[in-house]
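Naming follows writing order (A, B and C), and every chain is counted from residue 1.
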């Protein structure tokens, strides 16, 4: 508690002198815009400066698809649950999955029923070693973000913290209405959904796990999933 | 000359002559530049985005007490333990205290620059713990017992052959030239470390006052695993990392990725709001956050350079810095390399010992232009020189400039200059390049220009007649 | 002293355009070396002399982006909160780097020059980043007959001069110069054109020592070629 007081004491002492305005040369002065621009206005501007996202659902799906391709993630827009089940069975067969991990949910329940493979869930306490031995983690998500090709997951909606990161293949099941245009919208969505009671993990997953630590050469599957598949119904 | 300054000059001398190093770094950073430009061009208005980011950071840093208080209160309300450390020593003791209380033996770490700053690994190892860095680049430099070369790309100075050899020696793996195979060797080893570690230690890229969360940006998923599997999560961060609102991340996450690594968004941007909450199936039982001052308030007190605390550690200023590109990261001898390091290190670690860093710049301004939060980096280096010379002037330099000012103040003396220079130029070959040569720093590698037959002043006079 | 052709070219160009020129011969230096070394107190007497002498000039044309930045951007810093603050700000508003003066102030880009060579342009850092002069020199070069401008990949990268930096850290300065020269040579240009004589001095000094087929020339000299 003592150091807390010391630190705050030094901060308050330091802040008695006003700092120059960002982006201006030291000799000039003025009041920064943040004091006058309302939050809503600022958020609107952020959308205006980030990469464009298109107006219609079709444009945004195409943007998501292009971003996913760029990130080396797989994205499929499917007609409905039957097609999703077929698709998953195809992936499972070609990758020779033996066991998968998932959590209970509207889409995941159907998927696991269709797969007829042994599965574990991470809904309650589970064995980490067992999760690690699964060939794939199948989860739902909070949202998809067209602007960046990201999947938004949380500990509440996507089977906890480890399911989407520990198995070597992450399969995301999403509904069309979960596609959001951009990052500002994604944060607005989180705020209105959770008010102040947020899940303890919220993560924007943008492509499969990757590293460029050797000679800036891209390698997929650094520590997390080597493959990311997004199926949207 | 300070020890740090001597070491800097010594290493700079060596690395500027190392053409292999030069080509390796230039090539890697050229790749970065191409990617960055392509991603930047997708923004509707990058410059406005920069200005807003700078203003949000201005607000955050200039009301740091308010936001920090709000952040700590909200995080504590979610069951987290918040610790305050004024110094490196206090931060180390806090972390060691938690480690001892938990009887922990093994620790997995994701990239923590503040950990480098306080020499955390050394302290933990001294206390008998096993500490493993999980970021691939950090893992490599840890095996080499080396400091990170770049605070975003820690192993940028190494080629795959060297990494293969390192793994062969330290891990007993088979040699390979394939980056993917090398990654898989590390992945195989580290997977088990996550599962068996008692404690996970991370840093934080941002802290959100409004919601009491920390945000961690990474590509590999190692921080995600570090925060998911061990039963205790300790995060260490500087007090300046706070942002007011959750939605501020909508701007900072993509800008960090684009400016720092030429990506649209980094692989994983994760928000952690305390330990595992009721109804959740996994995650740590305990979450400790250590907030570190370590002279940040000293920098805060310098209103002129306060914006250096806006830094989001993207590394863009290093990547574009022609000094960094030629001397490399280790030469700086600092935790934070490049222009931002040269600005903040004298504040954090002492002006007299580190003032040479503000001089080790041509003041070209590429850093300032690249900074996504518009820190006035190269002008701060200039101010750093002024501050240093106000307190620690070099007597002969000051005398020389006084003499020069005297000369400039007497036009008849200036008028003699060309004649003097012509004579000097005739005599110069006798001593050129030797220790007697006053122009030696220049003439060792470069020719001096010739004094013209007719100077401009002579031309001007002849013309008026 | 070493590059009289720069000043002579500027005088001849401006006189052809019908301007009266005053050359403040007794001003030898703007004080930048002392300023950049951190000796601001020692700089002020030199800078005050400049303020006094240029008080009545309608426009001040400066041959180098670096000196231009000193007068235009750093004098206001140097004299902030002093009695001369106003004078420094007023002078700053009347100062122009040469290419900026032609393009922005006079609105002239075609000077009837003829320079039948392949050239590449080096952006001096101060002119480029402190003064924002990126387009001006290129607009002027575009109108030069026979001139073929090939941009180098490192056009905006510092040549490594940096004033006293080149003497305090000669090894870094030289390495930076080598990167610059390599990039310039890649273009196959005969000349490196710049609007900063100090960058030219550095690039030429290095090229001469290493016997590289590079010649530097000031923008004003190119624009004064017929």
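General remarks:
Heads up, the rule we're going with is that contacts are C-beta pairs under 8 Å (C-beta built on N, C-alpha and C of every residue); 3 or more make two chains touch, one makes a residue touch a chain.
Note that the coordinates shown come from a computational prediction; the quantities given were computed from them, not determined experimentally.
The leading chain pair by number of C-beta pairs in contact is A-B.
Relative to the centroid of all protein Cα atoms, the closest per-chain Cα centroid is that of B. Per-chain Cα centroids separate chain B from chain C by 31 Å. Chain A and chain B have centres, each the mean of its CA atoms, that are 28 Å apart. Separating the CA-averaged centres of chain A and chain C is a span of 50 Å. Chain contacts: chain C has no residue touching two or more partner chains. Residue positions of chain A touching 2 or more other chains, listed in rising order: 25-26. If you check the complex, the residues on chain C that touch chain B are 1-8, 11, 23, 25-26, 28-29, 31, 33-34, 36-40, 42-43, 45-46, 49, 125-126, 128-130, 156-158, 160-177, 179, 201-202, 204-206, 208-209. The residues of chain B lying in touch with chain C in their complex are 9, 12-13, 16-17, 22, 26, 322-323, 325-327, 359-366, 368-369, 382, 385-390, 393, 397-398, 401-402, 404-405, 407-409, 411, 414, 417-418, 421, 441-442, 444-452, 454-460. Taken in their complex, chain B has these residues touching chain A: 24, 28, 31-32, 42-46, 48-52, 54-59, 61-65, 68-69, 78, 84-86, 90, 134-137, 140, 153-156, 158-160, 163, 179-180, 182-184, 187, 190-191, 195, 211, 213, 219-222, 224-225, 227-229, 239, 245-247, 249-251, 253-254, 261, 264-277, 279-283, 291, 293, 297, 300-301, 303-304, 306-307, 310, 373-374, 376, 379, 383.
Within the complex formed with chain B, the chain A residues making contact are 3-4, 6-8, 10-15, 17-23, 25-26, 32-35, 39, 42-43, 45-46, 48-52, 67, 70, 103, 122-126, 128-129, 132, 148-150, 155-156, 159-162, 165-166, 182-184, 186-188, 190-191, 196, 198-217, 219-225.
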